């Protein structure tokens, strides 16, 4: 299992072509971070930039502008209340990640709806955190795009109507097929469900059980899918990288901080570059 | 004394179960940080997250939002003027720490009163810094909860009515019994008084004598008690860890910064994990 | 090519005279960073300070004040809406860098116009990023100053009217001569065109293909030209240093962050000091 | 010269007594940082905390609150427009440092005047940067306190009316005696003039010639004089430490950043602790 995962990672993280520029490695839009959960959008943005995405733009509440620039000055900022900017820019991105620290209120819902209305089928849409809950609670119709969900078990229960004890591979796969999406089901051994294929993450450590870990993973998936053509392999490689780095840090740490994982992504990717 | 303390630490910091998630390791609420002393609440929050608490939410003045996210994006923010959020959320936490940088004005008092009214006897309440002075000055009746005080000697004098020269074990223990609380009495050799038991910290260095050291300790106690079932052992382990790390850093530093201690908590805990 | 470049770097980065002070090493003004692209101005400021400029003042939108001070407290701040300060201060600088994160709106244009009207022919003016697009789109007449443009290929197309496929040395050199400027044309192997001379950067890595890389380079060029008398050599040395550091970091990193390059400038310069 | 300086440093930085607390090591107030030069006050505050001062409170413009907490959460904040706080708190400090980033406007003058009116002769007053210029330009009468000036040569010219070419030891010493102050005259080899005694700093490097270096030195002098009983020796030890650290860093860096010096103070002090 470990070796076959390594193979996926190696065939994904290819040596970068010499004649490339930042446009070559994708444009990512991250939408999240309300007045309470700004750190989530910031951690996702950091993970995305450190994963090598060419350009990262973060749509968030203006109270988070300072922290965003401090932690990741490489990311650009847009006030997520600015409807015109959202509309005019949304189709310029290769990948849209919505959810980290987005919250559950009416405005969060309206943002999800705006994205669903505008997105086109050439774009990748990652739906994370409270955006998953919004989709579930409001029975939103999914747009025609390349969709990736990143639920933990409770969020998956809300989205799939499969109670946690019944979340076995067969039930999950059926629901995933009906959703025409990729699902990253986070748990002790995270699984990636895609079109009739299940991948099980060989790694992972309880040292990762701390707030912000999922936001960091979502940002990494955004960064990887922005760069690498095979989306399923890119998702798997991001999940593998996230826990591989954590496992390594956990040898010397009782708890691993999400931002520490991001710091180590460039080294990880270099090591597995092929 | 050192060896018996090590035993307490070892029986406390248990290897994390594989099948765990952030909920397993406790929810902590930190209330503090007015417009002058924001750093205190931020340092407590950092210490709490680095101690491995599952989720940390900081209730503070909005002027501190940026710094909180910058220093510890893993923590969530709530404006501590938002009464509704405080009321609706307060009973969802395993541990509530009130006091770091809280100040002594009317609003500080009202926050202490709100917490005292809402808290229930399944929750741990850590009363630190100016919150101790508020309890003493206003002769507040303690709520029915698992209470931990973290005074320095002057604060203990205010709370206990025992003048500093008279703060011997017998007088202190009597007062602690009357308070039905655990008391962490900070000094050169910090003591932890609980129900008819006194533990003396074998470590500690004058390099720790700088502002913010107590806020960091309070955050560590919050993080440890959120994770570990035996509250008294958790408190002792946090106090031990705090000075053990400081002693180590003080071998090469004339003064040890509080935030440096937090940086080393995950390694400390891994080393003593059992 | 590599060795001749090293020679330029070595004759440029001279050992600092003992009897010097911060005024000896130049005053730099950086104008940029609107409400969306603040990180760009901040990264340019960091690069400038770490390159050894004596004094760096950043004119930017007030929303970026906090992040500027956090990332580079050594830089001073001016609100770029403050016309009086701009007018009274502009001629006190040795080098003016305009463009990083400036944006393309009317206010950006007015800032470029103000600088063009005020600057004198003893000053160095670096025109970067959206300021290049502004010059091109509005057909601005260049002021009488020591001008350096730092376009990527698309910006150069806008400025020179030479389509990217036609951007060969002959066409480029003709246009550069007409502009009476130095042009740093950024690509896989960046070229520096000055008065009838072309230098080709021997280094560079696709790990640099990420947002903010150009802002960092612009800040380095500002810092180098502020200190070193031969402007052409200073520009070449900055470009060389930027990719030399990146190449080294890229041995262990799949992507190199712009702010990491800045961190390594002082060591690079010491190594090549002569 | 070097050895006799080492002796002063060693007799100054004494091993801390075990039975001490943060109050033992002094309370420092730093006044500075207007809306343009916030970084200066923040760098001084960092230097002061890292020098081991027990408690540091920074009076500055509110726009600098975030950056202060981010860079040095150990410092407390007061809005320097709050006259009542200034009045009620000013005599509680052992050391008052006024000047880093203070600026030259009417409000800066009023702050200097307030301090001069309130301070008493048990307190140490360090007058730095623009506060020196204010004293000189407005011919302010010095208060009865233990005063330390930290001018560079131009500021000393303004204060002393001695033109730079005439700033020899005899002229300087006469003026210092008339001022009944200690004067730290910053240059390639900084000199400390006190009551009929001149000390010359054996160290110093042109790598230090960058903005913020003086603010850091001022903060160190505040931190050292707050802790150590012999004020003259404390000033000399701070100046020595500042350039000793810089000299060491300059072995591998072409320019040394002020904030890097602060990072190394605790190690320096430990090494020379006696």
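Every chain is named by a letter (A, B, C and D) in the order it is written, and numbering of its residues begins at 1.
FYI, a residue touches a chain if its C-beta (ideal position, glycine included) is under 8 Å from a C-beta of that chain, and two chains touch if they have at least 3 such contacts.
These numbers come from a predicted model, not from an experiment.
Student: Which chains are in contact with both chain A and chain B?
Tutor: Common contact partners of chain A and chain B, which must touch each of the two, are absent.
Student: Residue numbers at the chain A-chain C interface: does the shared fraction exceed half, giving same, or fall under half, giving different?
Tutor: different
Student: Could you work out which chain's C-alpha centre is the most distant one from the centre of chain D?
Tutor: A
Student: Calculate how many whole Å lie between the centre of chain B and the centre of chain C, each centre taken as the average of the chain's C-alpha atoms.
Tutor: About 48 Å separates the centre of chain B from that of chain C.
Student: For chain C and chain D, let me know how many angstrom lie between their CA-based centres, rounded off.
Tutor: 34
Student: Multi-chain contacts in chain D: which residues touch at least two other chains?
Tutor: 66, 70
Student: Could you list each pair of chains that touch one another?
Tutor: A-B, A-C, B-D, C-D
Student: Quick check: in the complex, which residue numbers of chain A touch chain B?
Tutor: Where chain A meets chain B, its residues are 35-40, 42-43, 63-64, 66-67, 70-71, 152, 187-188, 206-207, 209-213, 250-259.
Student: Per the contact definition, I'd like the list of chain A residues that touch chain C in the complex.
Tutor: 13, 16-22, 24-25, 49-56, 62, 65-66, 69-70, 72-79, 265-270, 273
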